[in-house]
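I'd like to ask you about the structure that follows.
Should a chain be cited, it is by its letter among A, B and C, assigned in written order, with residues numbered from 1 in that chain.
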Amino acid sequence: MSNKKKDYNLNSPSKFTDEMKTIPPARRLTAQEKTQMSPLQAMVASYGLPRLLITGFLLVLFILTPFVDVDLVTQITNIINRFSWNAVLVLAMVPMIHSGCGLNFGLPLAIICGLLGSTLSIQFGFTGPLSFVAAVVIATPFAILLGGGYGLLLNRIKGGEMMIATYVGFSVMSFFCMMWLLLPYSAPTMVYGLSASGLRPTISLDGFYNQVLAGFLEIDFGEIAGKLGISLGALEKLVIPTGSLLVFVLLAFLMWAFLHTKTGTAMTAVGSNPTFARAAGINVDRTRMLSVIMSTWLGAIGILIYQQGFGFIQLYNAPNNLTMPTVAAILIGGASVNKASISNVIIGTILFQGIVTMTPTVMNSAIHMDMSEVIRIIVSQGMILYALTRKVKGSK
Amino acid sequence: MKKKNIPAGKKALELVRGNAVPIMFVIICAIFIPMAGFSPSYLLNEIITRMGRNLFLVLCLLFPIMAGMGLNFAMTLGAMGAEIAVILVADWQIWGIPGVVLSMILSIPFSALLGFICGTLQNMAKGREMITSYIINFFINGWYQLIVLYIMGSIIPIIHASIMLPRGYGIRNTVSLLNMRQCLDDLLAVRIGGVKIPVFTFILVGLMCLFIIWFRRTKLGQDMRAVGQDMDVARDAGINVDRTRIISVVMSTVCAGFGMVIYLQNIGNLPTYTGHSQIGMFCIAALLVGGASVEKASIGNAFLGVILFHLMFIVAPGAGAFITGDSMVGEYFRVFLSYGVIALALIMYEAKKRMAKSKAGRELAEAQKEKEAAE
Amino acid sequence: MTTNTSPLLQMQNIKKDFFGNQVLTDINFTLGEGEVLGLCGENGAGKSTLMKILFGMDVIRETGGYGGDVLINGQKVEFNTPFDALKAGIGMVHQEFSLIPGFTATENILLNREPQKKNVVSEVFGERLNTLDYKEMDRRSAEAIEKMGVEIDSKMVISDMPVGHKQFTEIARELSKDQLKLLILDEPTAVLTEKEAEALLSSIRNMAAQGISVIFITHRLHEILAVCDKVVVMRDGYVVKDVPAAETSVEEITRWMVGRDVQSAAVSAGEVRSHEDAKTILSIKNLWVDMPGETVRNVSLDVKEGEILGIGGLAGQGKLGIPNGVMGLYEAGGRVEFDGKEIPLNNPRRCLDSSLAFVSEDRRGVGLLLDESLEWNIAFPAMQIQNKFLKNLLGGVIKWRDERAIHQVTQKYIDELQIKCTSSKQKAKELSGGNQQKVCLAKAFALEPKFLFVSEPTRGIDVGAKALVLDALKRFNRDSGVTVVMISSELEELRQTCDRIAIVSGGQVAGILPAAASSEEFGMLMISKVV
């Protein structure tokens, strides 16, 4: 029957005229048309209703802060901080979305690579900032290897990536749950004290790379005020983790640059229409594989950056806790299942982390009910659901 | 036509390949049972209990598979519906069999509504039903928590403080169902050599099986199978595809609601916020262990799957402790196996779809080559 | 004609246009009870549109309905959906199977019309919980199969059946409808073996004897003569002939099908060039291509440098498989030499590297990045294959997209091909079909190939755009000296554009003629090896 349907399509009105006006308006948003719609409507249409609601919600929270005795500057510091922890993880979604592999629900796999890097770095006796460098270096081959295998698998199951990624992520995670117990780790800071074997679920990074990036060129307004002997008022509570932000900016810039190269262009084309790419001589499988490796590596680096901000390594089932928030963040930023940009990453992370930090404090003070957890679940899952059920327009 | 020519050895190989997952689990269980060192009567007792507890839930997965919607990760919705019903019934202090029956009846509107939402959303995401149902499950879980944790007791009146959180609203983490505990299981229960057989629960499961068999022979069942195999053809034949798919999900969630009530009366308490979270995953894993695939599952798969999966589940920690000296390893191992078997089934399903496509091409190419050679 | 003897079906002055494109003009014919009518014509003659009108397909209504009247038993009818047509006793067997693969023949024959038995549950919950009456189903399907007169195993699952039996299952499904008065068979013999086709013909006679009228569409003209009472020949949306089958011959029908007015046949004569002395630039030997619906079986073809070679033939005969196979989009075998060097098959990259380019017939599926800008669409292959529109940074380590060069080249082709768009940044999906086709051409032109395959360049685009596209192709050939192979279902278009035309029939080249050859000659070639 599918052939028959294509035939109808060929006879459909849009093919028979050169006039733009016969194309149903829902299918496009051109310059002229935007002027026909009211500015508000146009904004809603291009911004997306859920995103608008989330932004509005966050704005309400911001406006509420002074009335409920919550310190705005502390909140902003928190948001910046949490942004610096999470942004690279969200960035890791971009390559796979670009190559058409969909939302990377297999993020735990990438996180495992990062965890291997951090635990081995400590095991090998690195300390201080060097331990972070070592963790990155060690995580890289794992990311390439595991990412390569993961890419190979995803190439064989095109079309079913998201569901399989979810469960491959779970499987790898639970496999490593066993490994954390069984691998011969011995560094006393990491293993259980009594049995002297098996890694602890939470490992403190004090003395290793806690705040190693955040502390680099850190701008602490309170300290500055103290040094200069002036009062900056509320601003004194503002602390900017410059180093972490710089690393994100660097990685984001590299990603942006990559998408402007020949290979990056090919990756976008593969995600947009794999058949077109194949007909243009692109090796689709290899491009997808590259994107998966890139995503995995970025995820591994992302978790290391997260750890240095958070101050702890979390093992066992912890990798799973980051998947949904990360996927939701990029979608809130305006990405869809097959399109994503750097600005989506930045906007999404700010919005999502904004809600994560603001809801507990503001809501708690306002209505004396801590509904933040529930709101976070509904917002993030609702956003993913919205992206999944949105009709993929135009393409095939 | 070709089947007759296949030699017996090849046939056996096909059989093994077709049932690789159950065979693998039989082997795992065979190795683990002696290591775990449980007595046979203990194992038998546990298995029988768990069959009574889980079979009904696993069976409700069959409807969406019949309608081609894959593994219904959103059967959890039915479980949530049932939990809300059970909380209300527990608050009204209706215990024993009447309590169970009332819970089942009361769960129907909740489960049906949630199933309807789920089916509608899945219809909007054709081709990615499974991931959608998986996410719906989390999404509705958010709403469930909102209702149970904040609205119950503050807006929905809850009479008895015993099930409420000390702060005055919201339900406690565990609601005791002591007065409902195993009241179905104990009805007509028979003890054979120390093994308790919950006859009445098994009768319910049996009725469910009969219903499924009967349902396959109804017009709706036939439509569901048609929709499951080819939506376009079914639509051209005048079958209302979307509606049929929604009905299959609603049936699944409503049955899952009943199954959850059976499950809870067996456990004897309600873990309010965690009770449903793993149900879907374990039921799906069990069904797959029994040899089902994403597009094909039978009652036999459900029975075999529940037995094998739970046998593995019981013996894995002991066996893990035996091998590594750490029972946690065994516990992680069984989780790994549950996730792994789902991942494997999904991979095999997608790979098969692709293989079927390329196979058709290969056959044609070969036929042409032969022709060419002849020319 | 008196009313009480009014024929089963009358089509009166049927007109249909798709947005100004007249595809059917004043169609008139009648069909009596128990008569078999053979409907033939080239692709695009309007047969399928006519049948869609008769069967009440949604497309017709969506594109503005039709003119004229359809009368059944003298009563004017208007079908809004195929279900209305079914109710009025019209059944249609489409070219593509509409069967549930895991169901038995019986289940498929009675799909959604299963006889049912009421039970307690259905009394409460509604009819859909009626149980199926399997005995009655077996009886009804056996009855339908007997009516058809061809033996098929009613218990066999469709996916295990040979192709022919699937076709018969479809026919039996139509026959199982009690009210069936008129059965439309759209190229039913295309997938059948000779023996099965024979069986089908006798079953058509059988049906006619039972009073069921049949409209039989086929390209195998001898079948029409063997089974039909009358023949209706269509061309360019007109009925050109309506004669009793006994009074005509295959040759005559062929002539009616392809025959054009004298003037139009002569159009291209003046321009025809001969490239006999030119060297062979592309040589295809024993090519087979596994493209579903367009299987190529054994094609050998030489293309001379600098010419425009047309490849024509009826739909499904394999003409589209040739470029798709050579360019590596579908699995293929055989030997292809370009400029003396062998090109490996099944590898699009190697073809493109050898300066071949291809404009696919599947614009939306293969030809375009619908969600991307025109700039991307036009520049992409040239960028990837030939490193054009790139800036080398850091000594060539980084190949940076040169947005300005991309913009310039896009703008150049927008002007040259008169692509109507708001800007070169507009998304490809927002353009109309004709403009999309021009973008596809521009994409190929940007590669500056030595050799160009163009597949169905005018399919689904309006007359104005058509002329522009063909003109652009000609110019590209004349000015840049590029050899062009153009594949099209429209013979007239090929004759206007090409120097020589190869006709593909049955997956093979049936013959190559100069463009000035007569329509009859082409017509005979087209049906010579039809499978």
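FYI, a contact is a pair of C-beta atoms (placed from the backbone, for glycine too) under 8 Å apart; a residue touches a chain by one contact, two chains touch by 3 or more.
Keep in mind that this is a model prediction, so the values were computed, not measured.
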Interface with more contacting C-beta pairs, comparing A-B to A-C: A-C
Of all other chains, the one whose Cα centre sits farthest from subunit B: C
Averaged-CA centre spacing for the pair subunit C and subunit A, given as whole angstrom: 46
Interchain centroid distance [CA atoms averaged], subunit A/subunit B, Å: 32
Residues of subunit B touching at least two other chains: 232-233, 236
Sequence positions of subunit A contacting 2 or more other chains: 1-2
Per-residue multi-chain contacts in subunit C, two or more chains: 98
Subunit A residues touching subunit C - in the complex, by the definition given at the top: 1-4, 7-20, 22-23, 27-28, 30-32, 257, 260-263, 265-266, 268-269, 272-273, 275-276, 278-283, 339, 393-396
Sites on subunit C touched by subunit B in the complex: 82-83, 98-103, 107, 111-112, 114, 116, 122, 127-132, 134, 160, 286, 288, 290, 295, 297-298, 331, 333
Complex interface listing, subunit B residues touching subunit A: 121, 124-125, 127-128, 130-132, 134-136, 138-139, 141-143, 145-146, 149-150, 232-233, 236, 324, 326, 328-329, 332-333, 335-336, 339-340, 342-343, 346-347, 349-351, 353-354
Subunit A contact footprint on subunit C (complex, rising order): 18-21, 48, 58-59, 62-63, 94-96, 98, 293, 327, 329, 348-349, 351-353, 358, 360, 364-372, 376, 380-381, 383-385, 387, 390, 398-401, 420, 422, 426-427, 429-430, 432-435, 459-462, 464-465
In the complex with subunit B, residue positions of subunit A that touch it: 1-2, 5, 105, 153, 156-160, 162-164, 166-168, 170-171, 173-175, 177-178, 181-182, 198, 324, 369, 371, 373-375, 377-378, 381-382, 384-385, 388-389, 391
